[in-house]
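Note that chain A is present in both complexes that follow, paired respectively with chain B and with chain C.
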Partner chain A sequence: MTVAVFFGCTFIAFGPAVALFLFTIARDPLRVIFLIAGAFFWLVSLLLSSLVWFITVQISNKNSAAQQRGLLIFGVVLSVLLQEAFRYGYYRLLKKANEGLLALSQEDTMPISMRQLAYVSGLGFGFMSGAFSVVNILSDSLGPGTVGIHGDSQHYFISSAFMTLAIILLHMFWGVVFFESCERQRWWALGAVVISHLVVSCLTFVNPHYQGSLVPTYIILSVMAAWAYLCAGGSLRNLKLCLTCKDKDFLLANHRPR
Partner chain B sequence: IMQWGGGIFVGPGNAKRLMLGVKSGVLSSSVEQKIYVELNETVPCVRLLNATHQIGCQSSISGDTGVLHVLETESDLDWILSSGPHPPYMVIMETLMCFSCRSVMMRMKNSSRVAGVAVIISKTGLADNFSPHTTCPNQNTGVYSASYGSDLANCNVTAWNPLGNGLSYEDFAFPVFALKDENQTRVIRKCYEDHNLRVNGSAPQYPLCAMQLFSHMHAATDTVTCMRRTDLQNRFSINPEVLCDPLSDFNVWTSTRPLNNSAKGHAANESVVIAATRLDGRSFFWEQAPSAEGTVSGIVTLLATIQALHPVTQEAPPPHNIFFSFFQGEAFDYIGSSKMVYDMERNDFVIDLNNVHSMLEIGQVGLRSGRSLWMHSDPVSRQNKSVDIEVSEEERKLSLFSHALSLDQPSVSQPLPPSSFQRFLRVRGIPGLVLADHNTSFNNRYYESLYDDAENLNVTYPPDLSPDEQLVYETDAAKSLAEVATLVARSLYIQAGGDENNLNNITADPKIVSHTTSSGPPQFYIGLGPRIHGPVHSVTRFVQYILANLTGTVTNLTESQCQNPSEINTENKDLFSYFWVSGPASLNSTGEPFCVRASVRLSKAVSPAFELLEYGSPNYSTWTESRWKSIQARIFLVASRELEMLTLGVGVAVLLLSLLVTYFISSKAELLFSSARETPTTTY
Partner chain C sequence: MADNVENAVNSVSNDGTEANRHTETTPSRNEVELNGQPPTARPPQVLTDSEEDEDEELTLKYGAKHVIMLFVPVTLCMVVVVATIKSVSFYTQKDGQQLIYTPFREDTETVGQRALNSMLNAFIMIGVILVMTLVLVVLYKYRCYKVIQAWLFFSNLLLLFFFSLIYLGEVFKTYNVAMDYFTLAVIIWNFGVVGMICIHWKGPLRLQQAYLIMISALMALVFIKYLPEWTAKLLIINASSVDLLAVLCPKGPLRILVETAQERNETIFPALIYSSTMVWLFNMADSAETGNNSSHPVPQQENQVAMAPTAQPEDDGGFTPAWVNQQQHQLGPMQSSEDSRREIQELPSARPPPVEDDEERGVKLGLGDFIFYSMLVGKASATASGDWNTTIACFVAILIGLCLTLLLLAIFKKALPALPISITFGLVFYFATDNLVRPFMDQLAVHQFYI
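Coming up: the complex of A and B.
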């Protein structure tokens, strides 16, 4: 629509991701590296899934709308599965890398824990996924026009931005839960991650009824947030303590020499 | 969520779009397709410059956007100019034929609330007259000035184009486009009716339908400035950018006896009668000039004259040569004729002014009311006795053949109408006449406008003719022009000293007239050279090849011989030009190509001001056309400013909130994520 909408949507879509990056990742170069590597892995998964989709579209019947829709659904499902496969691949790679890192490092302790790696790789996936979702739309939002001349909803830009926000955060939470469940061999949790990813993706087929896609997505987002918090070592008690600012006493209590 | 290759987001509402994009096989930005509807088939008004002024229209470099509003009544104009709450407005006018168009356009010109004008060209609601040209065409470059017939100058005696409102010569700071495609005007109307209609007198609600026009012109101020800047670019810039180009093309000339093209200057023993007409027209918009009455009537009449004269002049050539000339660029201060006269003065043309015996020009001859034709002459040069005698003689000879016509001199003593003959008179008092269908002011109510087309000439066919039949059907207009052509041909023959007994063989064929009036409609704007499809304007080529067809002979040269005839001693490249043409297209096959030899030539029609590098010259045409990068138009919806600011506000709020929350979490991270399951060796 204009520059105002461009900046508004950019801030909505990338605000939390940028905040997370600034405060938790930017200071540690190792985390930055793993973030970028994670983004790269997501990109490769996209490349593969788009190759497959492109080939299938070329050999399909371009005039049949039903076939094209079917192809789209197939493509969505394939892409989700490939992304999760690459997430698993990244996990295995990081496991191997961790052993190597430990051997190389001077200290006894690992410079970066698996939990942090989970968080960083999830955020990397999220960044790249968000970028591919929304950059195209943002560039079109710079022009003077808004969506609607053919009857589409006027809230296209802002809905896309909120969806992207949800996706980026979801990727981060999925990363945490995924890695944790791989570490603990809890395969049902792995399945739950994949299924929730599929559900969120397929919800977009409900569009342009944006309530139908955004509201369930944000519900899934809050559920995954809670789950990831628990996986990352948090608990309700910690949260309560933190929020009621009784943290100083707690920490002091914890650090009492035993 | 998944994304596809190419970054197309199957997000909100995009699934359908993606399928459409795939169906069309073009994976362009489908979001852009949701927002904009590109308008093709638009015709802009472009900027032209002369020595002192700029005229035409200009948009800003990133296009001009405005909310659509249809202008139909005075209250619409008030809405646009003062009371409407959503400025700036893009004004839609159904045709350019608003009742008091000049005042409306002038009021909009001075307003900052008008972003541009889009004119929907249609024939319905055509007003009685419309001429965007000035009331006195070419008044500064004709022959009448303070030193020559000063009481006749500046249309003091007769305003030739009294219906002219001069819009073509105004400078607009906003773009003006003409929309000709029916389908697209329907889209625009639908968008307007869906979103921009006022309900019960209250303002329409956002989102509103808007249009953006791009027609940014590179040249500014006047020709002198533009040429100076171009020179600077050429001299100092690594990648020089030309800002404007002089209007130029070619004149077409031929003669009954071939003239030696390589011998410039005075031609020995030649005394020619010049028969001339103009080849171009113009209108408010770029490259649009149907000019049926203004130009085509003259061209067609002269072509028919040449065809009628050709057999007789071959059998019994008259003592004087007859020189036929079609001048290009006459609408813009006589570009073609001033160049030819200039060349004649400097001995750079096949003949010079001493070779010229007399001149007959064919002006606008298509709208003869009551079969009358008028012979205009210059009263100032007729004050010279010898010239007067010659002119009267010419008039007498013309009158000899006016059986079916009523041929007359104008009833008042008045100057010549705007004509190429005036440029010859500027240099020498040659006896000459201008033939026209009007006594005082033009009969043409649509002079130099988009509406001067075949309908203006009353070219009508019976309803059930196929296009092929239409090509040979003799309309009334064709017959009328053929009558004029017969008159001109016979009198030219006599004027050239030919034998009176041969006159009955000279008749113009109405079929040739039908042929040329039914093909098209070609546009006669002079434009610039070189062009996309060749260095010569298509109309100029068209006339050149028709002349070659009418007056040339078929030879049996091969293609390479045709292109290089100097090697063959029976052919003379100085006297003739050779054309390699494909045969007639018929039902069975296209014919074999062959070589035509004709004495038809092109001569450059560019104003002498550009050769002399006098860009501010008051004596010659200094018209240039600006260059531009992109001309496009598109429509879309715009949202209200409040919604945009709300989006920005929400974005900023989300950003700040997330920064705060993240800071809070990361500072409390030890506490939040500490748990009995945490191994002691991990670090944060």
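Coming up: the complex of A and C.
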């Protein structure tokens, strides 16, 4: 409960995402705009799901804790489904907008490719999701208090930070795979994305038994990372070339000697 | 023959093509705008198809850049306001004082009474703002530039010295920093004087932009402190509808202002307005002051929106009569007739052409917009129970609204009000997040569920 905890948890949760933003997105205004639009779409989906949850809570029995928990679980599932629905909606909107832009301009290529849009929109979703999950917790961590004084877990802050990191990166990977599967009409891949999102969210129901929720989440994260890498056009060969600095196309494009 | 002329024009300088496009939008200024070309009796529609397409493409390409050029200052202003609200408690303390424009109090017994009081307050405030806008427009129309200048000068003086002194004092109190009066005087004096120079005269662009952001933030903070809850929200709603009417109605004051400025080929108080490009005060002998600003697309720069809270420093732009006097003094009294202008334009320009590149075409946003956006976000962070969630939601909503407004600007190419869309989104998300999302997220955080 100090400044150290605050900064530590902030950097854990948002470090990679902010680094990605600064190095790949901040330079290009079009990408920034689509990132913020993605964040907006996530926000709208959250709004709708909270609205439904709120209504169900109002008409339910407020005293029964079990019922409230049940309603919350229902809210989580609904929210996940709505998020994916809005991701699909965003995909359709981007497709239409891109086609419109292409028709208007004289160039042959779109100003921004679908893959870049997938990455940027996934990251937008991730940023918003992470921000809403963790910012209030972080601001509380600055102030005085004792963690887990009533018998709750001592690792509340750090586990929240790691979970948020996982969620942000997962949203990015989900975005890439989702858009790719929509482009290629691979509906099973779409279903897999939705199901993995549901699994990750439902795993958090076992909190505070973090080994039950964090570990599988990170396993899913690595699987999705590999899948997204393959979807984006990567392969083992590419990876090897990149790491040993032998990728001729890349070197040529960046004017570097081999 | 028309082709030859066009080719010749195209091969001149950037300005040539700019001017060429310009002729499409303002046929009345045909004869003066063509660099190096004697004004011929040419039809207004000079553009060929290819130039129109090029036009579209450039608009699209640089549209995104302009959006970002506005995102950054709006974000900065909001960040300053939120940071201050969160750290300096002075601006959230209610010491019972209110502005003289809002005489009715909100701490009444019944809800109905409170609603009535706040509505009256908001109406009075909007009335004051409208009256001031009308006075400004009338003064501008009848060329009483000196009066406007003095007014803006005085209000800027107030902001840069008095309000920032209070702000600095409160910051020192919050962080328990001891400072003597002498150092404080030196700091405030320098800050204020440099600010006045940058805003009312010449200065580095970034510094001018920074000062404009700072004074908008200061003004927003004052509003947040002295306006009671409901009055503030009602004021924001009223301001956005007034803005809509004032800019879009044919007889709206702001529209009259924009059109008068266009007719006279002047910029509208560049300092009343945040501009993302430099106002070049010395280019062609053409009367078009801001050669580059008044270039294509003329509409793009007139993104004049709420001049609303005219209680604020509306500084005039670079073109003060003082500057004109100074130019005349330096260059000798100029009687610029058509002939003399044409001749000068035909001379090879010794100076580099003004930064009139396509990339440098800027976009402008009124300072009132900054103030209202920051006010909304500041109120969200000060009083909303959802705290950071509400603040972030309002922030994203306002940015998206701004994005949409700029998109509309690119489509319609004329001055548009920037408040309505952003404020609508912002308010919707404010109330929705505060009442619906907050309980949901709180419950999730308690159980550590993640969605």
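The rule is simple: the second predicted complex is superposed on the first by the 245 of 258 C-alpha atoms of A that agree within 3 Å, B and C clash if a C-alpha of one lies under 4 Å from a C-alpha of the other, contacts with A are read in each partner's own complex, and residues count from 1 in each chain.
One rule holds for everything that comes next: a contact is a pair of C-beta atoms (placed from the backbone, for glycine too) under 8 Å apart; a residue touches a chain by one contact, two chains touch by 3 or more.
Predicted, not measured: the structure shown is a model, and the values here were computed from it.
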item: First (chain B), second (chain C), both or neither touched by A:L43; value: second
item: First (chain B), second (chain C), both or neither touched by A:F74; value: neither
item: Which of chain B and chain C A:I158 touches, first, second, both or neither; value: first
item: Contacts of A:G233 with chain B and chain C, given as first, second, both or neither; value: first
item: Partner chain in contact with A:I167 - chain B first, chain C second, else both or neither; value: both
item: Which superposed partner A:W187 touches (first chain B, second chain C, both, neither); value: neither
item: Partner chain(s) touched by A:L30 [first = chain B, second = chain C, both, neither]; value: second
item: Those residues of chain A which chain B touches in one complex and chain C touches in the other; value: 46-47, 49-51, 53-54, 57, 68-69, 72, 75-76, 79-80, 83, 111, 129, 132-133, 135-137, 156, 159-160, 163-164, 167, 200-201, 204-205, 207-208
item: Of chain B, residues touching chain A in the complex; value: 1-15, 18-19, 22-23, 25, 29, 31-32, 34-37, 65, 191, 207, 209-210, 212, 634-639, 643-652, 654-655, 657-659, 661-663, 666, 668, 670-675, 677-678, 681-684
item: Chain A - residues contacting chain C, complex; value: 29-30, 32-33, 36-37, 39-40, 43, 46-47, 49-51, 53-54, 57, 68-69, 72-73, 75-76, 79-80, 83, 101, 104-107, 111, 128-129, 131-133, 135-137, 139, 156, 159-160, 163-164, 167, 200-201, 204-205, 207-208
item: Chain C residues within the chain A interface of the complex; value: 53-54, 56-57, 60-61, 64-65, 67-68, 71, 387-389, 392-393, 396-397, 399-400, 403, 429, 432-433, 435-437, 439-441, 443-445, 447-451
item: Touching residues on chain A, where the partner in the complex is chain B; value: 1-2, 4-5, 7-12, 15-16, 18-20, 22-24, 46-47, 49-51, 53-54, 57, 62-63, 65, 68-69, 72, 75-76, 79-80, 83, 108-111, 113, 115-116, 129, 132-137, 140, 143-150, 152-161, 163-165, 167, 197, 200-201, 204-205, 207-208, 210, 213, 229, 232-235, 238-239, 241-242, 247, 250-251, 254
